[in-house]
Amino acid sequence: MSKRFRDILLRIGLYAVVILICVWVIAPFAWLVISSISTRIQLTSVPLDWFPDQPNFDHYRRVFFGGQGATSMHRNLNGAAVNTLIVAGMSTLISLVAGSMAAYAFTRLRFRLKGSLLVTILITQLLPTVSIIIPMYRIMLTLDLLDTIWGLVLANVTIILPMIIWILRGYFAGLPEGLEEAARIDGCTRIGTIVRIMLPLSAPGLAASGMFAFIVAWNEFFTAFILSSTMNSKTLSVVISEFSSKVGIDYVAMATAGVLASIPPVVLAIVFQRYIVQGLTAGAVKG
Amino acid sequence: MRGARPLKTGRSSWLENTSVLAFVLLAPTIILVFGLLLYPILNTVWLSFTDLKLSVPQSGAFIGLNNYLKAFQDPEFVASIRRTIYFAVVTVPVETVLGLLIALVLCQKFKGRGFVRGLIILPWALPYVVNGAMWKWIFNANYGAFNALLSQWGLIDSYRIWLGNPTTAFNLIILANVWKETPVAVILIHAALQSISPDLYEAARVDGAGAFRRLWYITLPIIRPVLAVTMVIKTVWALKEFDLFYIITQGGPANATNVATFYTYLTTFRFLDFGYGSALAFVMVVIALVIAALYVRMISREEPY
Amino acid sequence: MKLRLRIVLLVTLVALLAVGSVSGLAAEKITVIMPRHEMDLIGLWEQQTAEFEQETGIQVEFIQMSWNEVADKVLADLAAGGNTYDVIEFDNGWVAKFAGADWVEPLNSFASQEYLDSLVGGLLNTFTQDGQVLGIPWNNDTRFFFYNEAMLQAAGLTAPPRTWEEMVEQARILQENGVQFPVTEYWNQEWSLASSLAFYMYSFGTDFVDDQGIITVDKPEAVQALTFMVDMLRDMEIAHPSSVTLSQEAAADLFYRGSSAFFFQGPPVTFAYANDPERSTVVGQIQAASWLPAADEQLQATLTLPEAFAIPKSSKNKEAAWKYIEWMISPEKDKERANALGSLPLFNALYVDEELLATYPYWEQFGEQSAVAKPLLMVEWYDELVQTTIVAVQRALLGMVTPQEAADQIAQFMEGLEMNGAALVR
């Protein structure tokens, strides 16, 4: 087999795999989108028509323009989106700052209780939310943080921060110590090395963990659900879950909301992924 | 001795002390995490030693380890642990391997790579409630898209009741979970792969190493810490997974998908049995801790090249 | 530099927290939480609440969501000792539990006897414990026997069955006429499965337990009821096989799409949905019967699963909360809802109201079926019983155990538990 031929074959194989991956990712979501523009009766036909003859944009209309049939659920989506943006954004910011600091300490510094502290932080993650939510509710009640954005931010941080520490530990551990030592010999302070060397080097790690922290906060449901009650703090997840009644789920409405709610994180991810770029460390290793 | 160059932050020589620095760096984390979680954790521990049942007045007496003894003799709970572990054992490796493969593909250059990289997050970006409802509808016995697809492709001759069979119901939830969670593995592993200097590969290629050897001897060892971290996180999440079971099957059919988190939810929220529920929660913590500890040993034994 | 920044951030954080905790001076304000009425597709309850605000000047934070979620939120708040809510959803299954936990305020001091008498008696009884009225009903969720008249007529049947025997015969005839699975049931592993078992047991003249505190679920009549359910599915194959995965809504779907002929325990909204072209292909074909099939005509019974409003003891605005309840649950407002939504009335007077009967003539049948409405078992441990029951029944339906074995599992669970102050025996 000539090399050229093999290369072309590999190339085709690569694109085939890429397409397969895209189909795997998109297919269920595509179905969700189609559901959101169908009527219930179309969804319950056998054999299934994969695309409705007449798309039904009723629910989208209700969300954006109100009008007949629009209930408070539809109207609330916008407010909820704003809430969610603030909650997710603040949680991510706080967690990244605190998390990178802590991760550096765990990776590069030696101090007493290092091991036990690390383990304790992991343990806090293991408790099921259903068990700690009631005492946490009580705390929020006492601090008057119930149904507030800040309450949700704090609750989200407790979920995200430990995970970010764990992830960044992994990245920091993979970075060569030689660079920092060189910088310190040159007169840089510890803090200086963190800011000017470690952080830029671990940019991919920061970007990745920041992105996933944001999405975890964006989608978090149970805690937001219990701690919020009005549009002061309700997030998208909570509002979406309300598209149901005693006897079941209004699937078409929920699909609409689901489609809308997932667009911001996806858009963010597509934009953000440019920052996870190879080659940031290329120069550093040579030196 | 330090060089003569002036330090940017003049008065921070005390920050050079390792212990002080560590304390300062860790202070925000400690405040944020323990500040909010300490009371709930202690409260739950305390309750697990009582018989508090909210609907029974005057309950809440100290009963020592009785709840824990009861837990180990509770066939339903033991069964739910078994199911949880099965779930974790299947879903975590599958997601990690799949994540690794996809991440490797994303390392190759092809047109539209940036777009695909961003798109990959899609399953993870869906709100959990929507995700659950979507899969439940896809697997619906009478109208679901899964049945429609399989039957239109001629793979089955009549619609099957997927969620009505204990085995298929569980495995389909695993499928839904893999779909949802793999993107996380992809992102974490991909970022790690990106941090590997291409020079290493270049050197290996010059030495005559083929693609597979490069993968096995260079890539995998370097990203081992990240792989381990990924698996730890995913295991913790798998053990805590609740939403999918709650929305799709509510623990059925015939309790086949009643995992430990769901059972704890029922005990605490529905039966209002806070004493017993707290004990169940802690048993789960211990189990998860054991599993996580195994991973931690894996990490600490590994040194990045 | 870093340190200064950190201090600034910290101060900002504290300041924001402080600001957030200052509660504004308010007009009287109450918080109401309730599940969305399944028939309220136009937001009528919201509108009526807005009218209440205008008329009384009391601000209402009106929270609606799915039933499951309301349960979780109300429980979370009450369990944590919170006082977020002034009017809460109070489900018929919670009465014993909430009374035991002493969470709700008795309403006898708020309500006049006249008012209480004007409500449908059976409903009010459900929410009364030891003479204390703990809730005022807002949802008369009594179940009815719906059937597809057109299908029956096409098969030459003139009237729906009165006994289970008749039903099986009719089912066979329907099958010969192209209706593969005439019966649809909601037998998913969730709460409603226990209600379904209760219905079938009532129709065989039995229950989980009798008045003497003797467990009857493992005795022959109850086992017969469970066997009947299993047989419909596995043996006679007249019940749709997917029933074991269907929720109430999903089961109703089959009915609205013309896949089945009988819906033994449909919620009142079934009639409206069946005539809604956006979700039904059997518009105009559905009727409600005035009786229910049973083992024997004397034994017919239907389930009533009402929901009420209650005022938590921890509420700080009980007077205002009561005003809300009295205003919303009044003959005028109820009639409005009955007219617009078709929801079943809560007041005796409305069942003979001419205007309403003109719009909903089939309520006459509802009236007759209501006469044999029975509630579910009212014990503090009902949730646990439901969980054990639904798992056992599912095992039987899936053929994993025999009906007797499943019944024994339930009985074993009930043994020794307390009801009316005495321990149950087998």
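Note that the chains are named A, B and C in the order they appear, and that numbering of residues resets to 1 at the start of each chain.
One rule holds in what follows: a residue touches a chain if its C-beta (ideal position, glycine included) is under 8 Å from a C-beta of that chain, and two chains touch if they have at least 3 such contacts.
The shown structure was predicted, so the numbers you read here are calculated from the model rather than taken from an experiment.
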Pair of chains with maximal C-beta contact number: A-B
Centre-to-centre on C-alpha atoms, which chain is most distant from chain B? C
Quick one: report the Å distance separating chain B from chain C, using the average Cα coordinate of each chain. 36
Could you give the separation in Å between the centres of chain A and chain B, each centre being the mean of its C-alpha atoms? 14
Considering chain B alone, which of its residues make contact with at least two other chains? 8-9, 142-143, 269, 274
Which residues belonging to chain A are in contact with no fewer than two other chains? 44, 133-135, 138, 191, 241, 249
Of all residues in chain C, which are in touch with two or more distinct other chains? 2, 72, 76, 79, 250, 253
Could you please specify the touching residues of chain A with respect to chain C in the complex? 39-41, 44, 69, 71-72, 133-135, 137-138, 141, 143-150, 191, 225-226, 229-230, 241-242, 244-249
State the interface residues of chain C toward chain A in the complex, per the touch definition above. 2, 16-17, 20-21, 23, 31, 33, 35-38, 41-43, 46, 61, 63-67, 69, 72-73, 76-77, 79-82, 84, 141, 247-250, 252-253, 257, 267, 269, 277-281
Would you mind writing out the residues of chain B in touch with chain C in their complex? 8-9, 54-57, 140-143, 161, 163-164, 166, 249-255, 258, 266, 269-272, 274
Could you please specify the touching residues of chain B with respect to chain A in the complex? 2-5, 7-9, 12, 15-16, 18-19, 21-23, 25-26, 28-29, 32-34, 36-37, 39-41, 43-44, 102, 105, 107-108, 110, 112, 114-131, 133-135, 137-138, 142-143, 145, 148, 151-152, 159, 179, 183-184, 187-188, 190-192, 194-195, 197-199, 222-223, 225-226, 228-229, 232-233, 236, 239-240, 242-243, 261, 264-265, 268-269, 274, 277-278, 281, 284-285, 288-289, 292, 296, 304
For chain A, which residues count as touching chain B in their complex? 14-15, 17-18, 21-22, 24-26, 28-29, 31-32, 35, 43-48, 50, 94, 97-99, 101-102, 104-105, 109-112, 114, 117, 119, 121-136, 138-139, 154-155, 157-158, 161-163, 165-167, 169-171, 173-175, 185-187, 189-192, 202, 204-205, 207-208, 211-212, 215, 218-219, 221-222, 236-237, 240-241, 249, 251, 254-255, 257-258, 261-262, 265-267, 269-274, 276-282, 285-286
